[in-house]
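Labels A, B, C, D, E and F are assigned to the chains in the order they are written; within every chain, residues are numbered from 1.
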């Protein structure tokens, strides 16, 4: 048997404002579906982000990926874009999309995936409150 | 490639009493196998429950499932049945079964699964203490 | 010796948006002092609130305060006012004040204190992020 | 100025069952006051216990108290008495008292305090659920 | 359909010292790659270890594995070998390997796997700091 | 009545190695008192540090202290000195002292206190493992 893959995860966090509001609906429809999440003056969260990559440890370093490198990728392409921002207004990769954590996790995957070398992105896990999170494992082959 | 599935998790909790006791065994056999967990006067836990569902986000809402709906299903079919209860005595779906967290997780799966629409139940994760938890991913096709 | 006081704490949470911005300063002055916290499009947090009251246990109940009562006071006078709101725009007791957690903790004290009976408010502890919190123990006698 | 006191805290935990029930009241009165906490079949919790002692570090060891010693005192006089027990039925120091966490914290103080040497007990902090805890700082001089 | 597998996890922890240092490189090369992790005087961590096994619950006990048995295996073959040790110097199964958490997780898998009966090892999850962890799911069939 | 003091806390962390060893004792005496903490090859921890300052909020900012300033003081005078270091060998302010967390907390107080302006240091709280921490409130007037 061969050694299996190793999965390594780095946790980061950012604080942001958003609202859930579908502009093609009336205010009443938005209030009915999204409740207090549709508050026009926004609300916000401390988001916890877990980025998992997979691969085989490099024999010289013992690393699947140097966590300093992974941290830098997340900082530059995710945290700097989202931290202390308004997800609906300030974040280019969310323009035209509902600001749900589902869509946010997909957007974060697309921000990070192109920058990894010698290992692959496995999962984006995103906590919105202490009581809910989403996970996205990337696109599926057709 | 197509967009992959999104997994969304809601956390709830309940406090309950139980004991581990096999009525077809003697008291000595129960004490030997279950130790202090067999205390006839019961003991209890704060249980943390994570319910994960999977699906594709609805384009109008960005949601795999409205978490208010998922919370209501869990509240009605699990928390109201288990919270501040005795798992051995008060919980219909546990009658005749050992009150282990393994069996409790299977029972919770069966309580929730029939009520989900437009998405599927993926995992029941149940913490019993800060040091142990179980996960159940549902029945397997034969 | 007499039995000392008992201190009992209830934890609640709310999610809100805010910004740190002094309207009597220029935008440049605000950016220089508050940095990314001054983002005009807001940011937000999951706030964790710990409310501590003190007193002697009632001999009939063993309670300093019935936590169901304390929870209801916090819900009505704090969580309903702050959850999924904009602290600068939506919260009457913060009007005209800087939206810092220091001022928010003082405001929460003033919302809760008048509603307690047979025990006294001891401390408001408010976490803004996983890395910082404030505590306020109320006004001091002159 | 002299060096001030050092406060050192050890955390332990135990799981137990209890109910809130005043035997001098009717079942209806108990249900009205204690709600689901009065369930005759018990419920339970994972209790987290923080024991804080204060004193000056010993120059030879740097210790206020050897934590192995403090752990042993807590294990013997508190955890062995409470873990996997029924607080109302199995715990001698709670006989005749309401099984509230307020009374439990006072009882734990009395179990530990006589066994400390060269330092003093400062605080018993007891979490009952993730959302509430009590603190007791001992009897007050008259 | 048949009942699926149950996954049960036990959490343990240990504190250890290590450094990241490749002896076939110069000090300058080590400093360039490993930064402060290469400090010759060592640094250390509180490691959190989650061991997950999978199987079907025994009908008599409701258990996939008796957690007292799993705890004993982890204690004897992992915690006693690693706790309050130097991973580079004191741990036989790490000799000749880079002391990365990737390699440590593989070593822990190999320490535990031979001792399980009637269930299989599923995952070793190892937290090194609050911000990173690895997961290893064992060797892969060729 | 006047407004009381506000207490604001910033949390940081560092990872370090140490051992508990009194050089004026024999190895046997050290082993007897410190047990596995005396391992000559060191062990280590993830230390969590909470620094609490107190004061009155500045009317222009709402701040007792700008947390960016407090973070910088802690980084420069504590984290840069302790992170990924050996407390016994690498940390000037611990030379000649037992490397207990009691002494470490006193040392950290002395590193931070001289750098605060317009507010006072109230408490250094230092977690060594998930199960123990110390608190130091500074020197006492004679």
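Rule of thumb we're sticking to: contacts are C-beta pairs under 8 Å (C-beta built on N, C-alpha and C of every residue); 3 or more make two chains touch, one makes a residue touch a chain.
Everything numeric here is computed off the predicted structure, so don't read it as measured data.
Shared contact partners of chain A and chain B are E. In summary, the interface at A-B recurs among the listed pairs A-C, C-F or E-F; the equivalent pair, sharing over half of its contacts by residue number, is C-F. In whole angstrom, the spacing between the mean C-alpha positions of chain A and chain E is 28. One finds 42 Å separating the Cα centroids of chain A and chain D.
Listed for chain F are residues 130, each touching two or more other chains.
Looking at which chains touch one another, you get A-B, A-C, A-E, B-D, B-E, C-D, C-F, D-F, E-F.
Of all residues in chain F, those touching chain D in their complex are 20, 22, 24-25, 33-35, 97-103, 105-106, 130-142. The residues of chain A lying in touch with chain C in their complex are 13, 15-18, 36-37, 39, 41-46, 83-86, 89-90, 129-130. Taken together, the chain A residues at the contact with chain E in this complex read 1-12, 52, 57, 60-64, 66-68.
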